[in-house]
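Below: a set of structures, written as structure tokens.
After this come two complexes, each holding chain A, first together with chain B and then together with chain C.
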Partner chain A sequence: MNERRSLVVLSAMVFGFAFLYLPILAMMVYSFNASRLVTVWDSVNSPTIAWYRELFDNTALLDAARLSFQIATTNATGAVILGTLAAYALDRYRLFKGRGAFNVLTTAPMVLPEVITGLSLLLLFVALEQTVGWPRGRGAVTITIAHITFSMAYVIVIVKARLATVDRSIEEAALDLGARPWKVFAVITLPLIASAIASGWVLAFILSWDDLVITSFVSGPSSTTLPQLVFSKVRLGISPDINALATILVLLVTTCVASAGIYMVRAERRRLRDAQMAFEDGV
Partner chain B sequence: MNLASLKRAAQRLLPSGGWYVIAIPYLWLLLFFLIPFLIVLKISFANIALAMPPVEPVFVWTQEQILQIRLHFSNFGFVFGDSLYIEAFLTSVRIAGVSTLLALLLGYPMAYGIARAPSGWRNVLFLLVVLPFFTSFLLRVYAWLGLLGRSGPLNGLLLHLGLIHEPLQLLQTDFAVYVGMVYSYLPFMILPLYSAIEKLDLNLLEAAADLGCRPAQVFFKITLPLTKEGIFAGCLLVFIPAVGEYVIPALLGGPDTLMIGRVVWDEFFANRDWPVASALAIVLLVLLAGLVLLLQRIQAREEAT
Partner chain C sequence: MSEAYIRLEQLTKRFGEFVAVRQVSLEIAKGEVFCLLGGSGCGKTTLLRMLAGFETPSEGRVWIDGVDVTDVPPYERPVNMMFQSYALFPHMTVEQNVAFGLRQDGLGRAVIAEQVRDMLALVQLEGYGKRKPHQLSGGQKQRVALARALVKRPKLLLLDEPLGALDKKLREQTQFELVKLQEKLGVTFVIVTHDQEEAMTLATRIGVMRGGEILQVGTPTDIYEFPNSRFVADFIGSVNMMAGRLSVDEADHARIDCPELGATVYIDHGVSGPPDSSVSVAIRPEKIQLSTERPSQKDNVISGVIAGVAYLGGATRYLVRLPTGFLLKVTEPNVLRHEAHFQKDEAVWLCWHGSAPVVVTR
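Up next, the complex of A and B:
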């Protein structure tokens, strides 16, 4: 490779990765700083785990985290069910009325600014409450519905990509041998796309767990999620316990994503090996 | 009538399994995605009222059972008449545009480096780019509050090096917003660029070099045009969320960093003016849709030639 170009590429990579990771690392280091003035290092009393201890005594924060976790879990499950159905419909039913509109509807939530999604869903919930009396007020239910609506789009992308690679002849063989369509789906298709569904679930969970803007529009006075609580706090400036919270969350997510990545690589390898063995048996 | 024919009749009447597969997600999206839009559109033509919800009805049944539709275009007149809103739109487009360009300038060589790295390294580097996407967006933006503060490490470093003599005001400036935008959306830029560069046929580059092209010429005449799709996709993926961004300007920007997402938010939550917030959302949507269509048309024309 050309010397000058490789220098440009190398320095961009060093700068880029430093840019991506130094802020997170700095936040982690400061979480052990004893000084309340977060960025002024108190070398006498640091490192300390005082802020972590304070975190676990903060009941408002723990309640918000619990609510966020509940919403994220329900959302991920709902988004995976609806998203898999939609992906299956788009992959397997090439011709049905309104397919084009359906295709647009499934991708649009990803590119829409969050303020618009949030505003429009709130207006819907208000109109529904006025006309049919449901949902009564706003809270966990409306937040979950809103999250499912925007995170199912991401599940659809992931599951659709995997469905496209599934060998249709196996399903056709099962159908020829007399299996009912839903049984073919449960016994053959579902195991083949299981890892895509699992990563869709993780992604939907994280999208919901992180969301602030849409949640703020559709939440009520009695429901405060973790991002809402964090946002109301950091608007007033940096605070040491948020650094501690961020450190815990970053480490948690990193562990989850890394193990999910390793699991997926293994599953993929196993799938290839099984396919190879099946092929060799056939020969 | 025997049992079998009864079952057949039932099967004819009830929709088949495939119908449910399509209908369930379709109905969900119609109810929770399409209809909300129509409501936003409706409210954008409504009058503000002192009630809950704070809008006057648009469709009214009069006593003679006649449907009266009361459309008020004043909200749009208000949006286009007030220089504050126009300025917010222009600021949003400027900040999103500059951030996209900066992300491209940093992201392209990074994507190039990852795509050309030894295969063992490639997966690790790729994971390092994706990982920040999974960690809380809000907390990553928050991280810059500490770094850019008056007593933060960046000012500390500059003071230590003697480049400045007193701490710079970095927070609550457009600079901080640019940093936050590039930082948050860089992965979106790198991913499509990476897959475009990875697909590049290296033989073409070698052939051009063999035929006497200088490295810069090879880059501008071959690499860049062949990865154009990746550039398009990356720029769209950064620009679109950046235009409507709320969190970054709210946390890092100053009072004069008026971006449209923030204005919609303030109109809604602070002024409780739902009709104007809706009108702003409609204008933003039209702006974004127009932009996407324009880019698609340019791309289609380029492909045709």
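Up next, the complex of A and C:
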């Protein structure tokens, strides 16, 4: 290995990581800043956890977080159920009428501008309320429905990609051995695409968790999600408790990503060991 | 045949404009090992899938043990299939894989465990029950797939290229194990393969397919020694194929003029074809003898020059150039160790018995 080249590679890596993570790190450090002014570091009274304490006393913020979590969970579950069914239909039934249109329409929300999706959903909800009386007003229900419509598209893409790699003869083998179609789906197909469904769920959760634009269109006065609250706070001037909130969220996400990474490395190691075992006792 | 166990009646399968299987009628007896042999796209797999119930025939009926199963879905047919890719359930252990079919029938836990144990013993996989498919080698996977398909004691077992994924050495060994197992259980087998050697070793009867049709059905000997068409003669083994004209056709012999050979081929039986008709003559390479001296027999003797030699170990294959320029394939077994082989450019005599040539008209 060339000494100079390794130095170049190393500095490029350091620069890359710094570019990505320094802002986040700065924000985390400033969350312990005692000063009320976000850009001024109060070296006398820092560090302090005052903002964290304030955060947990702020009921409006906690309510918003709870509502966001509730919506994100319901949305992810709904999107996964509908998205998996749609992906299955698209991948396994190649000959139904309107399959092409269905394929395009289900993924359209991914490329449609959020403003348009939001506006059209708002119009739909208003029209529905006037004609059938449901959903009454706008709030958690309308936000959840709106989130499902666009996050479902992402679930479809993920699950469809996984389904395409599942050997169809595995399902046929189950049919052949006497399992009815629904049972085959439940005990063979579902376990095989479970990892894709889980990824879809997480992605749908995150999409809903930080969505602001579409939410703004379909939310009502009584329902404020966390992104909406943060956004309105920031418009009035950044207060340091936002830093504290962001730090907590970043730490949560980091923990999730890290544990998923460790799990995947372990699984890969186990797979290699198994392959070795199969190779060794041959025949 | 009233005793036919499996009966296909005028089976046709169309995919849009494309006809994958065309009017196939076939009868298979109980306990038979029937091989569908043909190249890719000949319709053999489609035919197999219609037997399994994965494809619905466009026309025709399928009967199994006296029951019309044409409209019976795969999960209700007394038929099991061993897939080319094995199609083991990757998230289940070997035991769970084999037990899957029995569990669908709602059998008791103890009964299932016992049958799974017996089946795994039969395919020599005791002690592997707790493994997952990815912890098995190719040969082991193949045997799990076989065990899983056999454990329900189907009336008919379908095998799609059962040995295709194994290497040559393992394939030979597995072929004989498969035959032994079949004889022991007495299950009727229908095997799809493109490998003629596999078909010859496994099958009691072979059906050679091309373009969605079955060209010939017969025992391996029938198919090899008495092919009914140019395609079958050419597809099974190696053959010298010459065009000719039927000049003499008596009850006990026939003669065919072959311009390519520059000679007349004598055949020791009548072929009962229209006189003077164009036919093809097929002669297998191993049925031609080479000698340096002119053989004493009167008919079926020609001369040539060795144009190529390939030593194969068990036999030596020669290419002999005739005075007409035609190249003839000849295979001589290597019986003695220090046998003198013919050399390139050596002048030789070729001869064959009157029973060797086969006349085909289509």
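A few comments on the model shown:
Note that in this section the second predicted complex is superposed on the first by the 242 of 283 C-alpha atoms of A that agree within 3 Å, B and C clash if a C-alpha of one lies under 4 Å from a C-alpha of the other, contacts with A are read in each partner's own complex, and residues count from 1 in each chain.
As a convention for this text, contacts are C-beta pairs under 8 Å (C-beta built on N, C-alpha and C of every residue); 3 or more make two chains touch, one makes a residue touch a chain.
Note that the structure is predicted; figures quoted are calculated from it, not measured.
In the superposed pair of complexes, A:A161 makes contact with neither chain B nor chain C.
Residue contacts after overlaying the shared chain place A:L62 against neither chain B nor chain C. Once the two structures are overlaid, the count of chain A residues touched is higher for B than for its counterpart among chain B and chain C. When the shared chain is aligned, chain B comes close enough to touch A:V115, but chain C does not.
Contacts of A:A174 after superposition: chain C is touched, whereas chain B is not reached. Once the two complexes are laid over each other on the shared chain, residue contacts for A:A18 go to neither chain B nor chain C.
By the document's definition of touching, of the two partners only chain C reaches A:I188; chain B does not.
When both complexes are aligned on chain A by C-alpha atoms, chain A residues 181 touch chain B in the first and chain C in the second.
The touching residues of chain A, when paired with chain B in their complex, are 1-2, 4-5, 8-10, 12-13, 15-17, 19-24, 26-27, 30, 37-40, 82-83, 85-86, 88-89, 92-93, 96, 98, 102, 105-106, 108-109, 111-116, 119-121, 123-124, 126-127, 130, 145-146, 148-149, 152, 181-182, 206, 209-210, 212-213, 216-217, 227, 230-231, 234-235, 237-238, 242-243, 245-246, 249-250, 253-254, 256-258, 261.
Contact residues on chain A toward chain C in their complex (touch as defined above): 167, 169-170, 172-181, 183, 188, 191-192, 271, 274-275, 277-279, 281-283.
Interface residues of chain B facing chain A in the complex, by the touch rule stated above, are 17-18, 21-22, 24-26, 28-37, 39-40, 43, 53, 106-107, 109-110, 112-114, 116, 125, 127-132, 134-140, 142-147, 149, 151-153, 182-183, 186, 215, 219, 240-241, 243-247, 250-251, 261, 264-265, 268-269, 274, 277-278, 281, 284-285, 288, 292. Those residues of chain C that touch chain A in the shared complex are 52-54, 73-76, 79-81, 83-85, 87-91, 100-101, 104-105, 132, 134-137, 139-140, 148-149, 152, 170.
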